[in-house]
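Shared between the two complexes below is chain A, which has chain B as its partner in the first and chain C in the second.
For the complex of A and B:
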């Protein structure tokens, strides 16, 4: 089979759309609108990598991510000749986004297929959006780390795998460790052989925790007035809008005088929003009882006028763009305190890093 | 709590040692004379070289040898002296008379190609369907030209396997009032699960059940191929069984090929979603899906739903395990 197209019958789509636009929506698997599928997560599964993670959704989809770091010589930009005193500004100028290489592999799909490339670009974009990430890869002016992120879906793509891949990438990056640098300045880098002494790419605790954390990308769909998280295949098929919303936590250094132990105070920053073309737009419309030529063998086969009036119970593909109110509602639902992104990050923090 | 993150569970506990078939063998063979109990066999694993065992499904004997070898990945079952391997995952193999739910994937000049979760697409000939109105006549070119008005790509049909071809492909027919296009419900696929889980052939694959919470009646259709359709029960005007083939044209409703859903009540839709999550929970916990299990599981799920204030429908994860434990009775 060349391309596995997800097929749905118009009657199914009409049923799903009706049940998902109710208030509250009835999802086909009975979840609450913001509920995720339960997932199993572990880190440090691949011994040969700098960091790795595996996430397994209860519906059987599973992904692993491996992070591998390599030292690479920085190609000098021509104007970097002037020897300025090393400042943070200069360092950020010299860091580049292409130090990160991200490859997504979906079984049964070519790696240069548009949808796979789009997926990997979405993940990459979220990672590089705050321009903090490449700074972490900076060693000195002559060398830098090159990070290879291999994202593998190991089950067939039962649903749009974006949330799964993003959560796995998040965990793998949290678990990524780089060897401790022993050399100083611009000399050839020397590293501590002891893996125990290695440092986390995203420091865990202590003073160095300020700065951004790895992002998560959530897939959100809107059906009617309902906002639904972590959609299954069936839900995506009737979605009027599908958005990939990337958020990351930003940690600020707590001032010494700030004694307020406010662990709940998580600051989220919105990194990117991408619209995903929902497959519902390409679905064929349903045929109402009245105009079905098949319902009577001798019915005149005259061309039915494409009636604009909607008949109850007949599927009609959604038309037009996303309304601003819907977009706003989705962003609110993601970003609000104690909202979904907050809860997801809470859940992922519970995963032991090894 | 919208998300639950669990720790990975260690693999299910196996029997400490592979059980020995009998105590006094082994001397003549350099290993492999033991029959592995709970272990998962892979294709090519020698199960036993002891000649007292007979080979069953999922095993073979190499020509010139006596050792019984597994040809599948699965667990071993022993029936008296018969050794067979139950596959972990298996594709549906069509058999004549099976009730299947299929999805049209291709429309050709005189026939449809239907996905029935088998290794090959099944064939539904235009001559093997009921014409609307139940008219009995030869299929003409006009019918062939408007073939998509009967079934189009993506449509779900319930049909019966009429014939098997040499290559294992199946031919279907829908020439009964019970068969045809599916409406007013949801689809769930549990195909590809071997080892006694998933849908098993049973006395009744279709039944109507009265659901709780004033949901009315719901039809459940378990296709032998693992495709399941759960829909609102629609009372037909005439009793399908009472109508002979001669009076078919009066009773075949003009709506058979329509894709318009009838008005559905919220309570019915909730209960349909509940039945769907019961089936998913059964499969997740590797239990078989049949009429008995689904009805029992459903009443259990209704009880479980009463525990939460807003009647939670979702049966994934821990709740599903509770459901499975209640059904298996330990």
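For the complex of A and C:
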């Protein structure tokens, strides 16, 4: 993040900050504060993968995700021998987070750069935060699936790519199918050859849809008193706080009677929060007109202290941290029933899975 | 993520000795839920660096936890190399590295993804506290080395614990780096300090409880954990890292953040005490 140069002048930043802290904020692209950029999405674009997705944002950024699964032998922990008569249930609890390998590739950046690693750890963390995911990869006590999630940004990173990559990963995981298991118990796994019979990693509607769904990570910034979702590059450049909040829908077993209850809202669970270093801290400060020695008409009459006080309308990079109340407001805005997370999940549900 | 740019030798040359399973009962937390472990902090330990600090977190008696030892050196502020572009602020770069022998699983000399991730967190935490526009065109390097990680030999084998341990390490990194920055005489709005709180299942199937400064091996399971970097005198948070599965109950994460802030107030006392001591000693 720090490596990205911000090419805005102090005057531009002051203007952006001013219009974004109005109530309601005026965003450069005319969106409402909770509105996402329009996107087009499709799944099943890569024939060689278990599941894939492509998402294209209206600002020209585009990402593809491919999911590939391999069978791997489970390495027994040295303690396992003591407790031989273990039920299948207990064994499935010995799942490990490193069964999932996630790689993020962003053009123009090295894959071991700190910001890229930060992005991939963030996506990985959200997936593994509830222990449900690793359980899906369990085959039997001797074998498990190893899932490779390759996230590729194919356009240059015009804005912070986190929401885009997260939504694409979400769709790809929803579209992921694994071959149907034919063998039973702890024998070597045998699979059904028929791809039509394969099962979805996250079961579809109609069947047992209990349990968690793949997470989405939303990027939220606070500017003044406003909470703004899915910030564009200009908005991130003046943000005082940027948070990445991962949420997932949890579906509970529902009886036949309460269909209406389900349609009203979904149950969201919070999986992870990370502060993102806002690039606004690296922006150049503006020089107030009164202390500008270059303008002869308003020559400074008295010595100004070294820029400690802020002048109205002159840009100064934010200093210090964020109040607890502001952070809490952001989290509440994400988790709100019928809020942005719901809207995004509704939109993604409309994407046809192939 | 594996390093794909170099041809590295095989990673597993040094095989750690496998000890016979000790029948240690899994120790329980003996501290109060709101108690943090004692910390020893000393500044000015590395003469060649412009600022340095050493932090030791007390090992627990009768516990598998062996404490944690961290050291931090600050180099700079110094002028940027000629090739670097103009910067109106001080350029902060942070490196977090585990010593190869710090944890049960040997760490390589190259930084792996978890270490890079930690250094990004640390950078966010420190950048909020620095008054960076007082040093234009200059850079400062903050290097944290974890000499001894907080991991017991036998228990750390089980995966999952190691991931939760990262939060504790980050909390220590933030505290020690803040002390080293103060020792280097770099202007900050306040000394930032790290604190960790976790939600663990209660005993005998009771309601989950929140504990400060959790030692992962002392608990059967950790449901969620939160690490904050906190500026006590401004009452502001510069870095927030929360993970785990929390239901939509809004108060739970609010409480967790508040408890983590509480923990960081404890470690900020250690920072204040050691800096006063250093100032008195001259």
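We take it that the second predicted complex is superposed on the first by the 321 of 354 C-alpha atoms of A that agree within 3 Å, B and C clash if a C-alpha of one lies under 4 Å from a C-alpha of the other, contacts with A are read in each partner's own complex, and residues count from 1 in each chain.
Note that in this section a residue touches a chain if its C-beta (ideal position, glycine included) is under 8 Å from a C-beta of that chain, and two chains touch if they have at least 3 such contacts.
All values reported here derive from a predicted model rather than from experimental measurement.
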Touched partner set for A:26, first chain B, second chain C, both or neither: first
Touching partner for A:12 - first (chain B), second (chain C), both, neither: first
First, second, both or neither for A:268, with chain B first and chain C second: second
Partner chain(s) touched by A:327 [first = chain B, second = chain C, both, neither]: second
First (chain B), second (chain C), both or neither touched by A:319: second
Touching partner for A:279 - first (chain B), second (chain C), both, neither: neither
Partner chain(s) touched by A:157 [first = chain B, second = chain C, both, neither]: neither
Doubly contacted chain A residues - partners chain C and chain B: 283-284
Chain A - residues contacting chain C, complex: 2, 5, 77-79, 82, 96-98, 103, 110-112, 114-115, 117-118, 120-121, 125, 129-131, 243, 250, 267-277, 281-285, 306-307, 317, 319-324, 327-328, 331-332, 335
Contact footprint of chain B on chain A as seen in their complex: 7-12, 14-16, 18-19, 22, 26-32, 34-42, 54, 56, 58-59, 229, 234, 283-284, 286-289, 292-297, 301, 311-315, 340, 343-344, 347-348, 350-352
Contacting residues of chain C [partner chain A, same complex]: 1, 3-5, 18, 21, 85, 87-89, 91-92, 113-114, 116-117, 119-121, 123-124, 127-129, 131-134, 157-160, 163, 189-190, 192, 229-231, 234-248, 250, 253-254, 257-258, 261
Partner chain A, residues of chain B touching it in the complex: 1-9, 103-105, 131-133, 135, 142-143, 146, 149-150, 152-156, 181-188, 254-264, 266, 269-270, 273-274, 276-277, 280, 284, 312-318
